[in-house]
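Order as written gives the chain letters A, B and C; numbering starts at 1 within each chain.
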Amino acid sequence: MPADREPVLAVTGLSKRFGGLQAVRGVTFDLGPGEVLGLIGPNGAGKTTAFNLISGFLVPDAGDIRLDGHRLVGKKPHEVCRLGLGRTFQIVRPFPRMSVLDNVKIGALGRLPAIGAARERARAIVVEVGLETKMHAPAGGLTLAERKRLELARALATGPRLLLLDEVMAGLNPTETAAIVDLIRAINRSGVAILLIEHNMRAVMSLSHRIVALSFGEKIAEGPPAEVASHPKVVEAYLGEAYVHAPPA
Amino acid sequence: MSRRAQGVAGAAVLALLVLLPLFLGSYAITLFIFIFFYAFLGQAWNVVGGYAGQLSAGHAAFVGVGAYTSAVLSMQVGLTPWVGMFVGGAVSAALGAVIGYLGFRFGLRGFYFVLLTVAFAEICRVVALNTDAVGGALGLYITFTGNPRQFQFQDNRAYYYVALAMMLLATGVAAWIERHRFGAYLAAIRDDEAASEALGVDAFKYKMLAMTISSFLTGLGGTFYAFYLFSLQPNAVFGIPLSVEIIIRPIVGGAGTLLGPILGSFILSPLAELSRAYLQGSGWSGAHLILYGVLLVAVVLFLPQGAYPYLARRLGWTDHAR
Amino acid sequence: MPDATLVAQGLLNGVLFGGVYSLMAVGLTLIFGVMRVVNFAHGDMMVWGMYLAWLGATRLGVDPYASFLGCAALLFALGLVTQRALVGQILDAPHEMQILLMLGVALILENAALLAFGPDPVRVRSPWSAATLWLGPVFVDVARLVTFAVALALTLLLYLFLKRTDLGRSMRAAADNRYGALVIGTDVRRVYAVAFGIGAACVGAAGALVSPIVPFSPSGGLSASVASFNIVIIGGMGNLPGAFVGGLLVSLAESLGAVFLAPSLKELVSFSLLVVILLFRPAGLFGKSPS
């Protein structure tokens, strides 16, 4: 990464242990402005833990996390969000009793305290993610693919510099996946950096500028998608996975 | 029903309520006083229990604290309850802040938070029972002077208007909350606190605000209680039966809705009166609590959102402009 | 400063009464462990156990130490019906609904007792009530001793039931993983109903066993519930051995509290203890926190 660009996210020596298990050990990586960084690794590699550490839901045992130079360690999730980091959850969590619009409105209220302005911005984002037909539908009644879009829309409404996407494509069929990939690309093009955890290798390869691979809590590889995909340590960690040789989409 | 029609209907009902005392006898006025007063308390509870979704079963603590504060200040220092009311409210708010801080800082949710609120109410009750300075088990009796400066009125109708004004005040606060970011954030916290945090909502701060506002308003009600009933007994003013009276109206009427507590009070106060008269022979005046128990069970099983949302759906009143 | 004899007596009484507390708590923790439902009506069910024993003693001349099984059976039926008709309908509802439901049941039970029996405290006279044994400077109420022994026996029986019988195993399976239990064909509804029934039976038996020892009235339901919650939270929700040990501990604490403090402050101790427990030990001494 060119030296004159300050990274959006700088993670240094991140570590977290749960009882006897070292979930994350000394992980270090950077994310440049407008970059898409894929975070891959087998189950239990520490990816979601890393997300929780970065977004303030967990406190690291050691390490530093900086967003645009601001120190994130020790900050609560809502403070982290205010500083410009949005995240989605692995198991989607819409506000079930509220409409799609109202869900997104909650995100928008962060930057636009006036309800009217927030609602308008929310409306625009709902259209942007393609949920216009469900604007007033209760979130509890949406399909899985629609909920994923809602989750994205809500996080987007907070006006983030960086978006953390946790397995957004899990449970989606190929058509839905392709649509979400396009949406994520569009969001990235509008200037939002993206850090995504994903098991869908095809999608990760096609979206990411760079990839970081984790295994048992440690970083085992980092670099452009094709390079990481053929890295011996990564192949070893994923032994048996056929997707490693998937061509870029 | 459009916003405009809602406004007109509301104004009409309000005018009716204002004019009603001209046509009603003393018993009916007393009934309305209780309807308004418990609607006020229910609406105050609604802020934290309905909108914020933090179930409190110990709100009687705030009534008691507010009541004893203004009563003692009036009797010992001669402070007019019109001012004492706000002192009482402030003390209640402080207690509410303590309970809220302990509960929310220590991550007490649902059942644990309910227990915390009940524990505090009971602690207040036992402390009051054992503190001779505030009358101990005998309680406090306020001398009736009928002097408006001492928040006392000869005419029942004056109490009617005070109670009505209080109900409108609490409802006004609830309406403001509903229409602003505060209310939207509370609804998000209620639905999924962690998800709301990820969207920048400081859940702790908003829950604390809700709790403090709720306990402040409830504390104000304590003064009305003291200077309408003229007697403060620890078991009555801090006890679970009062807490139940407070929460049953918004729950039956619709927790987290603007008109829920009011509707609930209009349904329940007359019902309680009827059952009290019916079960008079047993000698136990709290028997209407059985009715409350049955209603709670029925609401949970058949109308979990309360009467108001059900009615609104049936009558086609929907609210898009939110 | 009370003398050593009083303290020793307090300790002894605390341990003996602990048997009852443990039985109460075990019932509550079983219900929570299996269904994740908090039985707010627990104390009021106990009060009904007490009154049923009282009815048995005054109307039928049956000693509570004989009738406790009958009381337990009746409360079992009550628990079964409560679960089938009410709780079972809202197992997937938000927690607030469960709390409100059980609060409603508590109100019904408490005030029905008030209507039926009046507010004045009563006591059951048992031939055992007056007998005492002397152990040096301290004395043991035979009644308390028998109560302790029976409560212990019942708790042990319950433990064996859960560990050794098929139904008990199904219950533990359903507690661990409802859907898993469903998948392997467990009649979860039946398991839940039985669990609630057993929980109620425990507390009904506890009530009957306690009836000759202390005076009681319908308003005692709340403090019995609070004592149960104290114990179960300390011991860990759903943790049976924890509830047992917790019962002894809380009983000791209350008993010693009564020695050192004025009796009118006994309730203050319970509730303050509850606040402290809530703030510092929701995971219980034995680990495992409810999510």
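In the analysis below, a residue touches a chain if its C-beta (ideal position, glycine included) is under 8 Å from a C-beta of that chain, and two chains touch if they have at least 3 such contacts.
These figures come from a predicted structure and were not determined experimentally.
Student: Report the chain whose CA-based centre is farthest from the CA-based centre of subunit A.
Tutor: Relative to subunit A, the chain with the farthest C-alpha centre is C.
Student: Which one chain sits nearest the middle, judging by mean Cα positions?
Tutor: Answer by centroid distance: B.
Student: In angstrom, rounded to a whole number, how far apart do the mean CA points of subunit A and subunit B lie?
Tutor: Centres of subunit A and subunit B (C-alpha means) sit 44 Å apart.
Student: Taking each chain's centre as its mean C-alpha position, how far apart are subunit A and subunit C in Å?
Tutor: 49
Student: Can you work out the whole-Å distance between the CA centroids of subunit B and subunit C?
Tutor: From the centre of subunit B to the centre of subunit C is 33 Å.
Student: Can you list the residues on subunit C that touch subunit B in the complex?
Tutor: Against subunit B, the touching part of subunit C is residues 38, 86, 89-90, 93, 95-97, 99-101, 103-112, 114-115, 118-119, 222, 226, 229, 233, 262, 264-265, 267-268, 271-272, 274-275, 278-280, 282.
Student: Can you tell me which positions in subunit B touch subunit C when the two form their complex?
Tutor: 53, 55, 57, 102, 106-108, 110-112, 114-116, 118-120, 122-123, 126-127, 129-130, 240, 244, 251, 279, 282-284, 286-287, 289-290, 292-297, 299-301, 304
Student: Show which residues of subunit B lie in contact with subunit A when the two form their complex.
Tutor: 179-181, 184-185, 187-188, 191-192, 194-203, 320, 322
Student: Can you check the complex and tell me which residues of subunit A touch subunit B?
Tutor: 55, 57, 76-79, 81-82, 86-87, 89, 93-98, 102, 105-107, 109-110, 113-115, 118, 136, 154-155, 157-158
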